[in-house]
Amino acid sequence: MTSPATDQPPTRADGRAADELREVRITRGWLDHAEGSVLVEFGATRVLVAASVSEGVPRWRRGTGLGWVTAEYAMLPRATHTRSDRESVKGRIGGRTQEISRLIGRSLRAVIDYKALGENTIQLDCDVLQADGGTRTAAITGAWVALHDACTHLSGLGALAGEPLTGSVQAVSVGIVDGRPALDLNYAEDSTAEVDLNVVTDGEGRFIEVQGTAEGRPFDRAMMDALLDLAVVGCGRLAERQRAALEA
Amino acid sequence: MTSPATDQPPTRADGRAADELREVRITRGWLDHAEGSVLVEFGATRVLVAASVSEGVPRWRRGTGLGWVTAEYAMLPRATHTRSDRESVKGRIGGRTQEISRLIGRSLRAVIDYKALGENTIQLDCDVLQADGGTRTAAITGAWVALHDACTHLSGLGALAGEPLTGSVQAVSVGIVDGRPALDLNYAEDSTAEVDLNVVTDGEGRFIEVQGTAEGRPFDRAMMDALLDLAVVGCGRLAERQRAALEA
Amino acid sequence: MTSPATDQPPTRADGRAADELREVRITRGWLDHAEGSVLVEFGATRVLVAASVSEGVPRWRRGTGLGWVTAEYAMLPRATHTRSDRESVKGRIGGRTQEISRLIGRSLRAVIDYKALGENTIQLDCDVLQADGGTRTAAITGAWVALHDACTHLSGLGALAGEPLTGSVQAVSVGIVDGRPALDLNYAEDSTAEVDLNVVTDGEGRFIEVQGTAEGRPFDRAMMDALLDLAVVGCGRLAERQRAALEA
Amino acid sequence: MTSPATDQPPTRADGRAADELREVRITRGWLDHAEGSVLVEFGATRVLVAASVSEGVPRWRRGTGLGWVTAEYAMLPRATHTRSDRESVKGRIGGRTQEISRLIGRSLRAVIDYKALGENTIQLDCDVLQADGGTRTAAITGAWVALHDACTHLSGLGALAGEPLTGSVQAVSVGIVDGRPALDLNYAEDSTAEVDLNVVTDGEGRFIEVQGTAEGRPFDRAMMDALLDLAVVGCGRLAERQRAALEA
Amino acid sequence: MTSPATDQPPTRADGRAADELREVRITRGWLDHAEGSVLVEFGATRVLVAASVSEGVPRWRRGTGLGWVTAEYAMLPRATHTRSDRESVKGRIGGRTQEISRLIGRSLRAVIDYKALGENTIQLDCDVLQADGGTRTAAITGAWVALHDACTHLSGLGALAGEPLTGSVQAVSVGIVDGRPALDLNYAEDSTAEVDLNVVTDGEGRFIEVQGTAEGRPFDRAMMDALLDLAVVGCGRLAERQRAALEA
Amino acid sequence: MTSPATDQPPTRADGRAADELREVRITRGWLDHAEGSVLVEFGATRVLVAASVSEGVPRWRRGTGLGWVTAEYAMLPRATHTRSDRESVKGRIGGRTQEISRLIGRSLRAVIDYKALGENTIQLDCDVLQADGGTRTAAITGAWVALHDACTHLSGLGALAGEPLTGSVQAVSVGIVDGRPALDLNYAEDSTAEVDLNVVTDGEGRFIEVQGTAEGRPFDRAMMDALLDLAVVGCGRLAERQRAALEA
């Protein structure tokens, strides 16, 4: 998506080009005890991911020789502009929280070889410390790195029957802001976007999950195509950041 | 499932062509009291939708002059092959239930003019009496008809400030079965599908929601395109059934 | 209860005689998967009963060689004139729901030979699709037919140690409406009745359960006798409908 | 348990005649703060009833000028032979508890003139300190005395528009033990009874509530008549004890 | 509250000296079934303690050969001046209730030899029938006596591997009322106290628990010393009452 | 507490002297949106505190002209060595969590002038990101700084009627480790300590809260005195760190 001298698309409110990610930081080993841990930042969005390894699998999976990966997503009460009540205090988990937890779990399981993992469980806890849009995509992108480190830990213990990771996973949001496609929306953009599409890909740019919603009015096929193109570009760049973090 | 020499695609296990819907039945007025009610059937999938009209809107919306539409989805315990425990007995609503309830609500709100609706609320209850795949898409398709009847009811009361419906809404599932795209998956197909994509459109074939998951392995852009094409065809046919039901 | 030419009791608001049931319909096999299923209708009251068979019994009964039968009752939110909130959403089951579930279970267990049933469980789900008075009595009457079909299913599997059903079960409501005893109250009658009595009998007219409440003012022994007489007549007629349904 | 040659019925395990109550003690003013409070004992069954008066009525009743009476029943964990878990710890109230709470409330409301009570609420808390059968009937019998004292308290405040009590309320259990009707069953009798019938009457022996269950096998009309007769006798004697307690 | 010319401290509102306990009554065997039961009264505060013995220990302790002691504290709704809602009805246990339950359990476990107890569990249920300040300290003081009787019961069964009680436990509250230290505060004193300190000791006056809160303003070390001194005196007197009760 | 050349107390496992704090770091402004926010670290213990300001007070306090301060404490699931289940998923808040939340709230309210605060509420959220002993004392110490910044924010808005803070608050744990008093226990020390005492003071070393528990065996008055002395020293040093942080 070039921006020629004439006819160039306007930059966004925060100065980014339409196809530009926010600054992405992936800090490994943020916690002392977790088998994998990552503080992942997409701009001001800050998510702490902890990967916890445990021997054994949930009851319904026992004796199959297959492993399991699962995820939980949550926000601290003051991650957002105004404080939200704690779900523990309310005594029930909201629909949005459950939906995102399920999305993260499904996305990462797409690149797991359960047989190689053996009867081990990896639990990914994604806690949003600060939210500025894209918390679920940051969580998925960071969780993959924490998952990678947890697998390395298991490998060091000699607890694996092969390489459990069949590839990498990245996620990014795209949307229609002021009538134009834009990559990696921050909160201000997200709350005015006409369409919000979250895309999860593997390292080769193939789709793992696509979730799009017309917040304003229905959108046509041409716009769908433009959004999918943009998302695949963004995920490719996130894959590079993951690789860089693992080499650091 | 034979595939004859000539190039035609093989029929599916239940004899349908790849782009063929199951038999669709939309029975209006199934309940005596609800302001709109529909028994919608996609093959053996049977969903009872009740639209309940009430004056006023939720607290956070009062005094805005705008209406509200919301939805709840649930399954009877023996809608499925084996019995599931009731969520009322478990004391909590599962993630899947909440996710679908939210999807139905968002989908129908996409064609509502809140101002024309005035400070009235329409609650859509979608209860699955029997499940054979595609319960959420049947629910959305039927709910739009019940919503239509509830709007007519409100209009008869002189309670509207205009026409609240800006269009129609349909939904259908598509997936990759045995490596080929297929429309409107039943339970047997759904449980073996490699990809499962639910698409919600408006009456002009534009996208309201797209939710796709690679159950097996990631899928590429060409397959994405084929699935979206198929879904738009299916939604177009469902729009015809809705029109026929309203004229009946 | 004869109605002589002179002095004849007035017919009721819906044209029925004091000792007349509403139209009763019992439709078997309404669901594809349940081992027994019945749509039972007492006038506009419509209850879907599903009998689910499972091997094994609850933990506290294991190893006894005895079976178990249990029931759950619930109403769809728009079964009634005005919508009720879902108990799953409220996170707790109301007292009335639990009370009726327990009543249905006790009533049907009264005609079960646990030894003949063996260590199998039959779960009866009674979901009220539309309510117009008498939902619990319709549920019991229909549940017995679904239970019968589930036993036949188990028998076909060779899973029984004898005939588990020692008789049939019916239920009907009686009440004092405008000062006179009346059989099988509909909603309009029920909400103004001075006394509401639900009676469950076996096929020989003996009592299994009697639950009577003076909604208005206490009632005397003579009225109690008249109500019990009327209920036994009603249950006898319901037993005929059950037999007819089983022969259909 | 000998049954001598002459025709007299055998005494029961605890030496009582078939139509004999256990020792009944009604101690008023057991608590310092409650507007009415009673420790009621039926033999070893011991229930503490507190009547709490508050100005105002529940939201749904406001502005009607009518009062309200409601009840809650509960058991201390070690009221019984073996300890039961607390319902507060389990986080949900069991069906039996709710059923009895509702029964007590309905029974006492049967003798309340809401208009005379004015917009005041009386809450009856019935806590079983020790259980030996008949806890619900002891609770109702004692609650009426506490209710009486609470009305006297309101009267002293000049808060009433008349006499709220239109009569008295008593309750007793009857059952079939060893094939014979027996009055006021204790725990040992109750757990082997073939039929268990709880009867609530007003001071003139008319029925307020009748709840009978065939625990073993269905019972016929003659037995029903015998049980009702016995219950009315028992309630009459309880009415005497209530009067004596009020005069003490 | 006069303060005579000579230097003696003024008596309190209820006539007690600063270092004087309220009347303490410990009634053993208040329940028929519990292995230990005590009605303990500190003035108008009345707590029923039941000790329930069960074979076995919680899952996490199985196979260790060690026993377990645990406690639950609760208040009847009308124990207090104005009625409180039941925690079972609210569906959650309040922080205060849990805090006191934990305190009672910890305090009594301080004098238990788990090995001598063997794999048995003693559950202490402390239900406040009437509250007038000091409910937690009365509960602990009474619970120790019930615990003692439950141990005697176990000993009689030959179920012990030694003497499980290594000492006795008492508890009392002290506080600063009108600027002066006072022992065993009643409700009126407690609600105006500047500092509230609950002290649990063993029979030799050593500390098991100390929990102090400056309700008003922070207090200095000299006041802390005075309060601790007073508490130890009070606990010593309670130990005498416990001994007397055991000898009765 | 000097350590003379001979007879000097042994250093602790982590090399600290008995009266030495761990490294304390207080980082203000860790969050972008909260009116006050602090990342407080006591060694490896890391707590994120967010202070949220809102206009108005809880219902029971409205119209009094007085403000309110409250706190909630929680741990991320992998803050600890092994993962704990989320309280939101369990649907109930544990006793320990509630106890600490209440402690934090009470401690900070001890230095608030409600009148000066006016009808504003400050909510303190203390989320433990990593736990290594002393999480509640770190939370209190950090929360005071966040509270201070929130007050400054309110002052900047002109929303205060005076200076709401009447002093500062610090907290530290002391305990008996290997028979000797020690300050600011880490997890390893805490889990073997014979006594665990948490002390909250104001900036002048006066007591706000004292909570001590004999984990092992009861302790005597001399040890109590030594522990209190040590705690006051520790709190004094923490007050210096707070001052330094506010000047940074």
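Here the chain labels run A, B, C, D, E and F in written order, and each chain numbers its own residues starting at 1.
Here is the rule we go by: a contact is a pair of C-beta atoms (placed from the backbone, for glycine too) under 8 Å apart; a residue touches a chain by one contact, two chains touch by 3 or more.
Please read these numbers as outputs of a predicted model, since none were measured by experiment.
Listed by label, the chains that touch chain C and also chain F number zero. Touch-path distance (fewest steps) from chain B to chain C is 1.
The distance from the centre of chain A to the centre of chain B, with each centre set as the mean of the Cα atoms, comes to 28 Å. Chain C and chain E have CA centres that are 52 Å apart.
If each chain is reduced to the centroid of its CA atoms, chain A and chain D end up 60 Å from each other.
Residue positions of chain A touching 2 or more other chains: 91-93. Every residue of chain B that touches chain C in the complex is listed here, in rising order: 31-34, 37, 44, 48, 50, 52, 54, 72, 74, 76-83, 86-89, 91-93, 97, 123, 125, 127, 129-130, 132. On chain E, the positions that touch chain F within their shared complex are 92-96, 98-99, 101-102, 106, 110, 167, 197, 201-202, 204, 206-214, 217-221, 224, 228, 232.
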